[in-house]
Every structure is written in structure tokens, then in C-alpha cells.
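Scrolling down, you'll hit the structures one after another.
Consider the two complexes below, in which chain A is the common component and chain B and chain C are the respective partners.
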Partner chain A sequence: MNLIREIWQSIVRRDRLSTDKGKSELVFLNVWLHIHPAKVKREHMKFSHTFYLGFITFFLFLILLTTGIALMCYYRPYPPQAYQDMKDLEFVVYMGSFLRAMHRWAAHGMVVCVFLHMCRVFYTGSYKKPRQFNWVVGVVLLLLTLGLSFTGYLLPWDQLAYWAITVGTNIGSYAPLVGGQLRELLLGGHTVGEAALLRFYVLHVAVLPSLLILLTIVHLWRVRKDGGLSRPVWKLKESKLETLVTIGAPAETAALQAQPAVTSKTYGLMEVVTGKPIFETVTPEEEEDTVFSYPYAFVREALALMATVTAIMTISLLFRAPLEELANPAKTPNPAKAPWYFLGLQELVSHSALLGGVVAPALMVVALLAIPYFDRNPSRQLTQRKWALGLFTLFVVVNLVLIVVGTFFRGPGWALVPPWVHVVGGAE
Partner chain B sequence: MERRLQQIFFALSLLALALIVAAAWQANTPSWKTYQHKFYELEAQGEPNAVAKAAVLATPPEIHQQLLTGLQRVDRCTTCHLGVEDPTMKDAPEPFRYHAGLGPHVPARFGCTICHGGQGLATDEESAHGKVDFWPNPLLTKDYIRASCGRCHKEGDVPGVPELTEGRRLFETQGCPGCHKLNGVGGSIGPDLTGEGANHRSPDWLERHFLAPNVVSTGSAMPNFHFSKDQARALTYYMLSLTSEDMGTYYSSVRLIPGPEFGRQLFVEKNCITCHNIGGVGSKTGTDLQGVAQKHSIEWLDEQLVNPELVYPGSSMPAYDLEANARKALVAFLSSATADDAQAIISRRPRPLTPEDVAIEAGKQDFARFGCVGCHGTELQGGVANPNAQGGEVPSLLHLSDDYTKDEVLAIIRNGRVPPMDNPNGAAPPLYMPAWKKVLSDEDINRIADYLWSKQQQKKDSW
Partner chain C sequence: MNRRSFLKWSWGAAGLLALVSAIGVSLAAVLRFLMPSVFYEPPQAFKIGTPADFPFGPPTFLVEEKIFVFRDRDKGFSAASAVCTHLGCTVAHFQSDQRFHCPCHGSVFAADGSVQHGPAPRALDWFEVTLSRDGQLRVDKNKVVPPTYRLMV
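Right after this comes the complex of A and B.
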């Protein structure tokens, strides 16, 4: 028994979890949990403030990673075989249909959640100093997510995939000067073909996920360094606002120079860098607000994980992932539509290729990236940010309306057709 | 609160477990397993003793499939249709019934879907029978399955499928190539029909379409040919058989079925009777071919046809460049040929023709082959409706010489012509004369003109 205990101790190396020391060590001594603080403020865990959207997005990514690796075992990125492999997954591979459905629905879910997460961060003003750059990282992560979903869209090599990617890459080619070349670089040719499938596969399983993981690490690390999860600042006393906003952000002129309060004490490097003593005295009321991450934060995260997993599994049991006919370059569906999250773009393109396909999306991305630097208003209170909220809400609503119109109200020839009208003989 | 959260976490974990179990249960109980179990029960009934019964029932469930690389498909139909090759299952209920009359078309080599249609990769009934969204090729109904024979047997007679032969004959003689391209030959007024069978129109649609083209396909320029129901069906068979799929060497090698009928055709074509005789009827230069198939083995005869000199050194018989199936067909014909056959072949040879006759006959052939008859009629009578053209129909060609010189007619054939309109503000008439100069040689065009001139009726003389 002693040996077993010794082995266990050699693995966990912490005191029992019933003690405060054990709870702290659980975080301190574990490389994976270390991204958490040992203690968190209760407000950090407030569901109605963050809706845990960041966590849910991350968990969806984990689902995508695991199901994606499993799917790779059955997939050959070569035109006719790729489609046959889809059919094999549907009809022959044990639980293959379920696996594919989980991957598909989690992918759509991730696009939705990453967007909702962005909205939440905006509405709570969590992109403000010192978190400006983390917002930029987040926007890049949104673009990577769209890229992953878009590249994955082609892989089944059915009509849906083929024409969505054809339309999607055509939109990109409207960019002046480089558009055509960019499209050719992406497709490895002038049309979507076997070279395009291989390139999309490489992007989908290697390049984009690696970038996404790297940037996610940066994203999470910065959240931690900038004072942890977002919390409703406006409920705190005015006197505290200033200090909270500047936590972790050294004053612009700060030199690596100690301002010793007590000359007899030796200061460590960390104290010099942050300008604060490590053993900062905490006021009793502040201490009252905090709890140990174990179990308070961890159980909530685990709950979010289980809720995400069960939701995706339930949807996957009820709805199979779509799979149309084998891709046929000679037979264009009418209308050919891009993936749903690009249908807003396609709607714009239908009005003006250059303005809708290039200028508008480029401006949108630049505007999103510039938000934290453009918005100089330091306040995070809703009542003091009317312009910002109005503009962002307009951006969200316009995007949603365009996507809804593109998805449900466009029929053959991109004519305006309400979804309740059935068009006869569109394909004949 | 904390306790409640832990309870919810526990409940969600249980739910996740239940969902995994549900997914596994779904994966473990596909309908094909039920069918296999039923089949083995049926098979066990025929076993003599309990041990054998138990052995049959203990057969592990597995997916059966035919990998048909030559046909670029994988057929898993025999996962449920387990009795297809088992004659004892001839009275069994579907899906287990024996498939009689397969002949050389064994499932291991042909699978099922190449003839029947459906989705070979699927393993549940609905999907496999192709009656689902996004599978354009559902099972063919019993009436039309035989059309699939034409997918490999692209030429000549297909025994048991007179519809195909008739469909092909109609296509060539009714002028269809005038408007439709097939394998790169033909006009471009109508759609290219090269892969028509792969367009997966329902047989019913095709048949109704042949009976009344522009009722089924609104605005179609295709004239109503007043086909009978049988003719419409024959054409439907032919359409269903048209495919541009790559069939693989083994399958395309039986483009022609090596039957005696085809052998006889070759015997006539190659003028064998010029040297040989059958039972004394014909030329005595070569050997009597009656009973030759009984005297020699098939291999010997085949070798003789490939290289006569090798078998008979010094033989004056030329080495005909015949493909394997053509040689088989000749042998098949010879094994039953009699003096009567030789007599018939000799008596049907056309009289020696004058060069003019030959040119006019060739012009007539061209007129049919390139589809002119589609609009102008097999007897040059015209009369096919062409709304808003002068007279409302394609004109008769029987009185050409009244209005045109021969040179003018040659120019019209070469360069085409848009018919003058009844109402100049109306829609252009759907049918027009295409320019043929890129399709036909000058020689062909001259022949056609000769043919037309030979048929002119002298209207002026009639009054």
C-alpha cells in the first residue's frame, strides 16, 4: 500500500484537496491547470456575464479535434475516393455516420459560438485597455475558424462542397490585381479540382489547426495575464475601477527600477516588473469575494464541457450530416450557394462584385481589428457607450439580415424567392 | 448552489453516456443484420441435422461487397440479397430470391447496379434502392432494366432486347443526329445525348417526351414525330443505355455480342462467298465451309482467321483484321450455316450499279445519316411544325428546282439558312437550317444535292 501511495504522490505531488494548500497546489503544480489562478473572484464565474461562450467555443474545438483525427483514419483526399469514403463512413464504418455528424455540427456550432463570443466581448467592453491586442488575436481566431470551416466544406467532394467552394473562391477572386492569383494559389489551378482538394485538406488538417492552437494559447495566456475572465466592473465601487483597468499594464514610462518601500527588503524580478510586491496585502472584503478555483471554477467549466458535448451528441443522433451527389463540374446547381456564413458576402457580391466581394469584407475585417484602438472611451458601462453599441449592433444586424436573405430568400438565378414558395423545375 | 451544480454535472455525464450507448446501439443494429439473420434462418431450414443448422445460424454478420474496379463501383447489394447465386433460393421471398438467367453476368464480375441502378455503396434499403434525396439513379423498374444491356453492348443485336435494336434503328433513320450530338457526331440544335443515360431522367418522363416532346418539355423545338407507343419505348431504352462512363476493357470488349446473326453480317461484308462455298453453293476457289465448325476446334478456327498462313502454309486466304468477338461471331455463324444461307446471300447481292446510282444512293444515305430527314422527312415531304416560319412548317424539298438553281441549293446546305419569318416582330422560328460545311465534305454535299435533284417533281409540267 505504501508503494501505491508513493507512486500516487510522485504523480500528483500535492496535499489532499480538502486542504486549502492542496487546492492551491492543484493549480500551481499542474501544467494544464496552471492557466487558472488558484483563487478566483465570484464575479468571474457569473454565467449571465460571459455565458461561458469562450469555453464553449474551446470545447467545440476539442470535439472537432478528436472527431477530426478519427475521421482522418477513413479519408483519402483524392476526388472520387474522397466521396466514396464519405459513403463508407455513412454506411459501413462503425458509428461513422455519428462521427461525421458530430464533426459537422460542432463545426457549425464553433462558427456561431466564436461570433457570439465576439459580440459578448464587445457588449461587456472587455476589449478595452489593457486587452486591446487580445481582441485583435480574437478576430484573427474568428477568421481562422471561418477558414477551417471553409476548407473542411470541400472535403466530402459532393455537389454541395464543390459548388460552395467554387462560389466562395470566386468571391475572393474579385480582389483587384492579386485576386485571381490568390485563387489560383489556393486551388492549385483555375478550377476546383484534385489539386484544390489536396490543398484544402492540408490547410484543414495541418496548417490552420496549428495556427489556431498557437493563437489560442496566446489568447488564453493574455486573458490570464490581464486579470482573468471578464467580470461586470460597473458593479464595483468607483475607487476600484481605475486600479482594475490598469492591472498588468505597466505605466508607459515605467523603467525596470524598483521603488523600494522598505530599503531593508530585497525585491525579486517579478516585483520589479509588475511594480507591486508579490505578497500584496489584500483587504478583507476583497478576500471575501474570492474562492478557490477548485472546485468552484473547475466544476463550472466541466459543466460547460458536458453541456457542449451532450448537445452536439444529441443533435448528431437526430440529424445526419448532409451529403449530396458526387461533385459534377458539368452540372451547376441553380442557385449555387457558398457556405451559409459567407452567404452575406455572396448577397453583397450579387449587387456589386468589387464593392461587395472585396471592399466591404476588407473594411469589415479592418474595422473589427481597429475597434479597441479606435474606441478611446475608457468606460465599460453600457449607458456611457451608446455610439459604440449602436454601431456594433448595426454591424451584427446587417450581417445577420444579409445571411438570412442569402440563405432563405434566394432562388434560381439569385432571384428573390421567399422560402415558402416552391420553385418547380429549377434543376431541369 | 455548488451541490446543485455537481448534481447537474453528474446528470449530464449520465446523459452523455446514454447518448454514446444510443449511438452504439444505432450502429450495432443496422437493418442488414436483421436480413442476414432471416436469411440464415431460411437456409438452416434446409439443413439435415441440428449441428449443421447451428453452424449456419452461427454465421457471423458481415457486409458483402463486390469491388468492381472495371466499372468503377462497389456494390454491397449482396449484403441483403444473399440468395442471388443460390439456385435453392429460387422460390425464396425477396430480398433473398435467386437471380435466374444471369448467364455470364455473374455478380462477382458485374455487381448489380450496372444493370439495376440504385446505390451500390449503401447498406440500408431506402438508400440502396436509391429512393433518397441526392442519389439521382434509383432502381430501374422491371420494364426498363433490360435497357442497361446497351451500356456495354453498344452495337449490333442484343439477344432478348429487341427494343434496343429498334431504338438504335429509329435514331439513325428518323434524323435524330440532325439536331442531337452523340459521341461527337451530330447537330447542336438539341442537347448532346452522349451521356443521356447518366442524366437520370425517369423512363416514364422519356417515354412521355417521345410521344409529345413540347408537352413534357415546355418550349422544346423538337418536332412531334408521331411515334407509336412501342417506338417511344424503344427510343427510351436507347436513351437509358447511353452512357459516357468508362466501362473498362473487359466490359467494352463485348460491345458486340458474338452471335450468329452478327457472323452472317460479317460473312456478307467481307465477301467470303467470293472464294468459299457452303454445301457447294458459292465459289469453289476456297474450301466448302459446311460443317467446318464440326471438323475443327474453335481454337483452330480462331487461329485460322487470325493468320491463315500459319495453319496452312501457302494459303491464299488473306489475314482479316478481325477482333476477337467478330471471329467468334463468324465461327458461330459457320457452325450452323447451310447451302440455303449461301443461296440467300448470293441472291441478295445488289445488281451492278452505275456510278450515278451509287452517288444518289450515297446521297440518300447521307441525307438520313446526318439527320436531314428529322426535319425534311424521309420522303422529302417536310411538314414539321416551325412556328412563325413562312408557312408555319419546314418546307417540302420536292419542288426545289422551281425556285433554286443547284448551285444555290449547294450554298444553302453549306452555309445554312434562317427561314424568313411570318411575323417579323415575332419570336425567331425554333428550327433553322444549320451550316453543314464544317460537318460534311464537299463530296457529301454534292451527293446530297444529286439525291435531291433526282427526286424533284416537275410542278410546272403538271398544269
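Right after this comes the complex of A and C.
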């Protein structure tokens, strides 16, 4: 028994979790957990503050990583075989259909959650000093998520995949000067063919996930260094100084004001780091509201993880991932649509390929990246940010409307067809 | 600037230049590596069969080559690209109105390939059709010809 205890204690070198010291050591002696602070502020963990969208996005990525590796065992990135492997996954491989559905729905979910997370960060003004650059990292993570989704879209090598990528990569070729060569570089050829499938596969399983993981590490590290989750806006109200009343004094006498003895208290984590850190500065009043991450934060994160996995599994049991017929370069489906999150782009492209497909999205990305440097207003209160809120809401609404129109209101020949009208046959 | 600081500065500049050129050359090499030296794709010039293989009237659509071959009773042979100039979808030729329709974004091309409707930026290409020595028709996609081009056989 002594040996077992000795082995256990060589692995887990903290005090027992019933003690405060043990709770702290659990976090900062563990390489995986020490991205958390030992103590968190209670209201930062409130669901209504962040809706846990960042966590959920991260958990969806974990689902994608695990199911993706599983799918790789049965997939060959070569034109006719790729489609046969999809059929095998759907009908032959044990749980193949379920894993593929999980991968597909988690990918859609990740695009949605990244976008919602961005909206939350914007509306709470959490991109403001000192978090400007982390917003930029976040926008790059959004682009990487879209890139991963787009490259994954081709891999089934069915009609849906083939034409979405044909249309999508042709949009890029409208970029002035380099567009055509860029497309050739991406596809490894002039049309979407076997070279393109291999390149998309390499991007999808190696290049883009590595970049995403590296930048996620930076993203989370910076959140931690900037004091954890940003403060809820409702906690930003200036605390009023208490007024003292001198008993017996005339009413017009100016009241005495109490000055707090200590305005802030700083926890320095490492003695070698000199100077006052920009993080972990709390007032004594706030300190009362902090709790140990174990179990307070970890339980909530675990619940979010379980809810995410359960939701994806349930959806995957109810809805299978779509698989159309084998890619046929000769027959364009009518209408041929890009993945839904690019349908806003396709809607713009249907009006002008250069303006809608290159200029507008480029401006959108630049605008998103520039937000924290362009918006000099230091306030995070909603009432003091009317211009910023208006513009961002306009951006969100325009994107949503374009996507909805592209998804539900476009029929054969990209004609405007309301979703409740059923087109028989269509133009053939 | 004395000699000592000049030498120091020169070393620094030379070092920086070496570093920048090394990075530049490496990047160029990576780009060149990614650009295939050989494309394993269908050839751009190909034989499509003897003139007798093609009927008069509606055009023949060649799936692999993505072209329409027209045979006109008194004008001869011509070949039009079936690739929409907008985003590369394959257009269909409607016998009813003698026009080309793109299913992706609704571009419509007239019988001579010119844009009539939709976002397509330019007309469909017409390719040179020649008769090779073995009596087969030969289409060269590298040679774009005006829509009035015809091969009389």
C-alpha cells in the first residue's frame, strides 16, 4: 500500500483538495490547468456574461480533432477512391456514418460559435485596451476556421463538394494581378482535380489545424495575462465613496469623505518579474467575490463540455451528413451553391465577381482587424458606444440577410425563388 | 563617421542583406515548389473524331473536354467553350432559345457566345477547329478564335 501511495504522490504532488493550498496547487502545478488562475471572480463565470461561447468553440474544436483523426483512418485523398471511402464510411465502417456526421455538424457549429463569440466580445467591448491585439488574433482564428471548413468541404468528392470548390476558388481568381496564379497554386492545376484534392487534404489535416492550435494557445495565454475573462459590463459602475455625516453639524456643512486605505492590491506571481503587472489587480471589495477555480470554474467548464458533446451527438444521431452523387465535372447542379457561410459572398458575386468576391470581403476583413485600433472610445458602457454598436450591428445584419437570401431564396439559375415555392424540375 | 563605426555598420548591413536575401530566396523556392512542373490534366489540344461523327442541328457536348461542337449545313464546324466565364460552372445549351444558360448565377449567352444577361464578365470562348491528316477533327483550346470562325469540310 505504501508503494501505491508513493507512486500516486510522485504523480500528484499537491496538497489535498480539501485545503485552500491544495486547490491552488491543483491549478498551478499542473501544466494543463495552469492556463486558469487559481481563483476566479464569481461574476466572470456567469453564463449570461459570455454564454461560454469561447469554451464551446474550443470544445467543438476538440470534437473535430478527435473525429477527424478517426475519419483519416478510412480516407484516401484521391479522386475516385475518396468518394468510395465516403460511401464506405456511410454504409460499411462501424459507426462511420455517426463519426462523419459529428465531424460535419461540429464544423458548422464551430463556424457559428466563433462568429457569436466575436459578437459577444464586441458588444461587451472586451477588445479594448489592453486586449486590442487579442481581437486581431481572434479574427485570424475566425479566418482559419472558415479555411478549415472550406478545405474540408472538398474532401467527400461529391457533386456538392466539387462545385462549391469550383465556384469558391474561381471567386479568388478575380483578385487583381495575382488571382489566377493564386488559384493555380492552391489547386495545383487549372481545374479542381486530383492535385487540388491532395492539396486541400494537406491544408485540412496538417497546415491549418497546426496554425489554429498555435494561435489558440496565443489567444488563451493573452486572455489569461490580461486578467482572465473580461469584466462584465454591469460591474463597471464607479463605486461611490461613502459620505460621513458629522452629527450635530449644520446641514450646509460639507460632508467628510472616507478614503479607502488601500485602493488596490497586487498579486505578483513571480518574484523575478519586476514592476507592477497589468493583470491580477483587484480591489479588496472585488477580492471578496473571488472563488477557487477548483471546483467553481472547472465544474462549469465540464458542464459546458458535456453539453456541447451531447448536443453534437444528438444532432448527429438525428441528421446524417449529406453525401451527393460522385463529382461530375460535366454536370453542374442547378443551382450550384457554396457552403452556407459563403453564400452571402456568392450572393454578392452574383452581382459582381470583382466587387462582391474580392473587394467587399477584403474590406470586411480589414475593417474587422482594425476595429480595436480605430475605435478610440475607452468606454465599455453600451450607452456610450452608439456609433460602434450601430455599425457592427449593421455588419452582422447585412451578413445574415445575404446568407439567408443565398440559402433560402435562390433557386435554379440563381433566380429569386421564395422557399415556399417548389420548383419542379428546374431549368435543365 | 569614423572607420570603426563604418566597419561595424557595414558588417551589420551585410548581415541584414544576407538574411533578407536568404529568406527571399527560400520563399521563392517554396512558391516554385508548390507550382507544379507537370500538370497531369487533359491536354489542351485534342482530336474529337471524324466529321461524320457529328450530326447537323443541335450541338454535340463533349463531357471530358467541356466543349460544344456545332455542325452547320452550309457553314461548317465550330467549337464553343462550355465553361462559364464568371466562375467556371458548366453552361447548358438550350435548343428552345438557341442560347447558353449557366446554372450557377444565371448568366445567359447568345448563340454567338456573347453575354446577354447575368454577371459573366465576357463572352464564351470559341476554339480553333482544324482537320488533321488522319481525317479527324482537332480542337486547340489554346487558340481562341472569333465566333464567326468556321471549318468547312
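In the analysis below, the second predicted complex is superposed on the first by the 378 of 428 C-alpha atoms of A that agree within 3 Å, B and C clash if a C-alpha of one lies under 4 Å from a C-alpha of the other, contacts with A are read in each partner's own complex, and residues count from 1 in each chain.
The definition used in the following text is that contacts are C-beta pairs under 8 Å (C-beta built on N, C-alpha and C of every residue); 3 or more make two chains touch, one makes a residue touch a chain.
Everything numeric in this text was worked out from a predicted model, so none of it was measured.
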Query raised in the report: Put the two structures on top of each other at chain A: do chain B and chain C fit, or clash?
Result: clash
Query raised in the report: Counting only touches as set out at the top, which of chain B and chain C does A:V92 meet: first, second, both, neither?
Result: first
Query - Which of chain B and chain C A:N170 touches, first, second, both or neither - result: second
Requested in this report: Answer with first, second, both or neither: which of chain B and chain C does A:L185 touch in the superposed model?
Outcome: second
Report task. For A:P130, select first, second, both or neither according to whether it touches chain B, chain C, the two together, or no partner. Result -> neither
Query raised in the report: With the two structures laid over each other on chain A, which partner does A:V309 touch: chain B (first), chain C (second), both, or neither?
Result: first
Query raised in the report: Which of the two partners, first being chain B and second being chain C, lies in contact with A:L323: first, second, both, or neither?
Result: first
Query raised in the report: Touching A:W414, do we find chain B (first), chain C (second), both, or neither?
Result: second
Requested in this report: Share the list of chain A residues that count as touching for chain B in one structure and for chain C in the other.
Outcome: none
Report summary line: In the complex, chain A touches chain C at residues 163, 166-167, 170-171, 184-185, 188-191, 193-195, 329-336, 346, 349-353, 412-415, 427-428
Report summary line: Per the touch rule, the chain A residues reaching chain B in their complex are 80, 84, 87-88, 90-92, 94-95, 97-98, 158-159, 295-296, 299-300, 302-303, 306-307, 309-310, 313-314, 316-317, 323-325
Report task. Spell out the residues on chain B that touch chain A in their complex, using ranges where they run on. Result -> 2, 5-6, 8-9, 12-13, 15-16, 19-20, 22-24, 26-27, 63, 72, 74, 76, 121-124, 127, 133-136
Report task. Spell out the residues on chain C that touch chain A in their complex, using ranges where they run on. Result -> 31, 34-36, 39-41, 61, 63-64, 66, 86-90, 92, 94, 101-106, 118-119, 121
